[in-house]
Every structure is written in structure tokens, then in C-alpha cells.
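What follows is chain A paired twice: with chain B in the first complex and chain C in the second.
This part shows the complex of A and B:
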């Protein structure tokens, strides 16, 4: 496994310092592989990364077809938490896994900042 | 009465942040000056966006103007702010009567009665609803829904053959699919006015299963919605029933929170329609 650039760690720090965030990953949007991660123990990062990339792909195509343009941010809401995702210009997805009562607006802002850092 | 309006207007002019706009708006509404009432309520709401009474007032004015979609949103918002708000509970009951959903109307009235057991309008409407008699909606007049028509259990339900008939965006912007991406109802057009229904449906096939698997892998329980922000608009995806998928799209002027409310209402309609088809 190659070492992730230091900037990736800083990008993930921006997200994981938000209260209620259980973990964050940088995922290759193309193949769904983890580029860098800061996850709590027990989270199956590789599988989640693959599914997140696949969902991003399907949703992105549907949104383009619907005429709302490329996806900037998406939020999978569930009973006990959420998955929040922002795409970086390079195609990397910045993914946050959160508690249900997290400040979604704040996580979104930090994901956007992290995406800018990740490039 | 005109003196009251003048007096309240004067008070509001002297102190624009005052809550006197609630009395003034209600007075104007009762006198049938709906446009003036609308302006007063909207200005008040802009200054007091977290005041449930302000949303309730605005909803009643919208109902008077027969803008039931937005009235629903405002009463829904009032309840989110104050879950026991009797005016909002009565208002939503009125709207549910209007579409023939007596069960929902009665449920809201029962909640209202728990909060305000001495409200005669609630008791009367609830008694009529439980007895299956028409006119239950009329009984809510005492709650201030002045535009109520003779409605009740006999009222016609939404034209469910078109699934979303009567909902905001029924003709475009709402799409109901089965698990394999086949269209069950609704339609989508792109910015140029061309139908994109089939293309979007094809791309969305399997999203419900993937969202479910992702949530399960993370031990998050069942997924409840998928909201996304695009450069030109927002979308919201929900699963109204089983593997069926509901896709709602709006331009960026519709905030994502409001879009979620629109999607929840459309999902309830879709769920009823799907149950009828089985």
C-alpha cells in the first residue's frame, strides 16, 4: 500500500474534528478504493467505500440526466446515522460517517474544505 | 373594527419587531383582506422565522387563498417547531379532510384534543369524523380555517390514478420507480423541456438496494432518504414502499430541507397508491 500524501491527513482532520463524525475517508470515485481513512474501529471501510463510489456514480448520472448538473454534495440519511459525501475536482470522494444528530451543515462545509485540500 | 386595524398597524409601525403582527394579520384575515393579511404575516415571519404562531397564521391565510400546498408546508413547519401547536394540528386535520384522508385527520384531531381538551371545534370535528359524517372539516371553522368548504369523509380523494395528481410538481419533477428502474408514475423534464424520465429511471435502478446495503454495513438501521445538491438543482430520493423509489427534483431556489418535506408528502401519496395497486 502506498503512503497517502500528508495533505490527505489534513483534509480528513477537518472532517473528523466535527462533533458527531464517526470517521472519514477519501475514496477514489472511479474504482471505489480507499485513498486515505480515519475511521473508528469496526467500520468496514473498504466495503463502504465501494458502495459509496457506486452510489455516487449512479446518483451523479441520474442528476446529470435530470438537468441539475454534477453532484456537489449528497447525504444518505438513516435511522441511526448518516453518510455524507462531497466530490473533489480530482474525482476523489470525501466521505463522512456520522451520528444521527450531527450538524449536517457544518459537516458539509468541512467536507467541501477537505475536498479543496484533497484536490 | 377598522379602528383596531389602524391601531394595530400603528403599533407595528412603531415597533416592527413586535408580535402584534399576529393579531393584525388575523384581524385582516377575518375581514377578508387576504392580500394585506398575507403581507403582514410574511413580513412577521421573516422577522420571527422560528415562531410557530407565525407559521400558523401564514398557513391560515394561505388556506383562505386556497393555496393548500404551501399551507400544508407552513402548518408542518409550525408542528416541527412546536409539536403540540393546536392551530397547526387543526389546520393539518382540515387539509387531510380536504383530500379525504379521514384517518390522518382524526389522528391530528386526537392529538389536538389531548393538548386542548376544551376546544369545542376539535371535539365537534372529531365526533363527526369518528361517526363517519360529512362536515367534520366545517367544524374546524372555529379554529379559524375560514376557507373551509363542505368537506369530510365523503370528499373525493386525490386522483391516485396519476399517483401525484394534486401535489406540487405532479406533472414534472416527481418520479416513482420499481426496483428495476421501470417507471410507475410521474415524469421528469430537463431544463430544455425534454423528457428525461426513462434515462433518470435507468440510472436510479438499484439505488435503493445500494443505499440499504450501505446503511446496513454501517449499522445505521434502515435508510430514510438520500438528498443531493447539484450545481443547478436539488434532488431527494426516498423508498416509499419496499424497493420502490421516489425521485423528487427541484431547482436550487427550493432549499434541501423544504425539498425533504415535499418528498415526504409525495412518498405518503405514492405509498397509498402502491397499496391500492396490490
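This part shows the complex of A and C:
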């Protein structure tokens, strides 16, 4: 795992300590760049950050268009794992990359706590 | 929006990049500002201005790097309220090229542009003619070369 800048490390620790989480990142939602990361080897952090931010942007617009308000949490399940994202009020996205059989409820809870820490 | 190229090998990588990165305008040029391909521009005068300014910015940042005794900066990103500009060099068999990318912040992001720019650089490197350096343009031929290039870029 890589290290994160001081302060944000604690937010990421909340997520990565959950069993089945392969990595977590704080991503600037506006520009898709990594703010801090704790990722296992082999995960292309910059690519995940850019694409997740783009997706968050488009999902946000879809939510607005549908009149259901801002997106709070999203979960994309794939065959070999999942991507879970929570947005912080500051525009930072807290992103978790997990194994397929992770406890999604627990990861969601920790993502929300991490978002509160990240601001 | 149309994508056009003076040198055909640049076209496919550029079309792919524009689609994936959601870029609004793209210029692919030599370090001297000679345009090889463009996407999104509708007027020749805009291409000439943007290529001259892009080449000048690259030259300035390279000089700053030299002053700092550093290798040239990999890329430059300048973000405004609604749009951003991304400028970076691409080594190819045709010599060192410069890409100028303008993107809308509501359709793309610097992260996306950076991500797909890496692929563009690899695609251009793979597609470029291996045995040709930058073509020298003589002063006497400059106006004709420029006219020919602009005609190609705007389909005239």
C-alpha cells in the first residue's frame, strides 16, 4: 500500500481496515486527481480516480435531472470486485476498491465516516 | 466537430483521444508550431494563433526548466472557470510534438485528459514513421507550406 498525506491518512485508514478492501482514495471530484491514496499494488489509481470523478459528475447530473437530489453513495459491482464511492461536502470523493464479497454495508459506513473526516 | 490531419498517421490516435477525453479543441504540432492535426477549430486564424501561442508557452516553460537545471516539464495545465488548457510534449518517430488540449470542465477534467493523453502519446509513438525526423521548412516555402497545411486542416 502507498502512503497518504498527513491528516487524510486517518480518513483512508477507516476504509482500508475493513476486510476485503483492496484500496481507498480521496479524489478531487472536480478535476479527477488523487488527493491521497492507500492502494494495493496493481491498482491503477490515477485511472480509477479520473474515471470515478467523471462518473460521479455525470451521475450527479442524472440525479439532479431526475429530481432526487444529490448523490450520497454509489456502488458498482463487477465480477472481480466493486467500486464504492461517497462524496464529501467539500467536493472530495472517497473511493473504495473492494473484493467482490466485501461487507458493503460496513464499507459504506466507513466511507461516510471518512467523508466526514475529509470534510 | 471535425478532426483533420496534415499527416495521416496522427488522425486515428487523435480521434480516439478526443472521444475518450471529451476534449473540445486539440492541436497537434511540432515544437516550432507547425500544425500536424487539429480537432474542433473552425477558423484557420484560430489555429495559427493557438499553435503560435502553444509553441511559445512550451518554449518558455522549457527555458524555465533549464534555469532550474531540471529536465523539461512533462505537462502544463491551466484551469479557468469553465475551461482548462493542457499542454504537453509527445516524443514520436517524427520528432518531439506538442499537444494543446482545451477541455470544458462540465464535460471533462484534467484527470481524464491526463489519463487519455498517456494513451495518445503511446498511440502516436507507435503510429509515427520511424525513420523521419522533423521536416525542415525553408523560409521560401513557408507561406506555401502554411497555406497547404491550413487547406488540409479545414478541408479546402
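Methods note: the second predicted complex is superposed on the first by the 114 of 119 C-alpha atoms of A that agree within 3 Å, B and C clash if a C-alpha of one lies under 4 Å from a C-alpha of the other, contacts with A are read in each partner's own complex, and residues count from 1 in each chain.
The rule is simple: contacts are C-beta pairs under 8 Å (C-beta built on N, C-alpha and C of every residue); 3 or more make two chains touch, one makes a residue touch a chain.
Predicted model only: the values in this text are computed from it and were never measured.
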Inquiry  = Contacts for A:33 in the overlay, against chain B (first) and chain C (second): which applies, first, second, both or neither?
reply    = second
Query = Does the superposition put A:46 against chain B (first), chain C (second), both, or neither?
reply = second
Inquiry  = Once chain A of both complexes is superposed, is A:73 in touch with chain B (first), chain C (second), both, or neither?
reply    = first
Key: Touched partner set for A:55, first chain B, second chain C, both or neither   = first
Query = Which partner does A:65 contact after superposing on A: first (chain B), second (chain C), both, neither?
reply = first
Query = Which parts of chain A are touched by chain B and by chain C alike?
reply = 47, 51, 54
Query = Can you list the chain C residues touching chain A in their complex?
reply = 79, 105-106, 108-112, 114-115
Key: For the chain A and chain C complex, residues of the former touching the latter   = 27-28, 30-33, 46-47, 49-51, 53-54, 57
Note = The answer for chain B against chain A in the complex is residues 188-192, 196, 199-200, 203-204, 206-207, 210-211, 213-215, 217-235, 237, 247, 249, 251
Inquiry  = Which residues of chain A touch chain B once you look at their complex with the stated criterion?
reply    = 43-44, 47-48, 51-52, 54-55, 58-59, 61-63, 65-83, 97
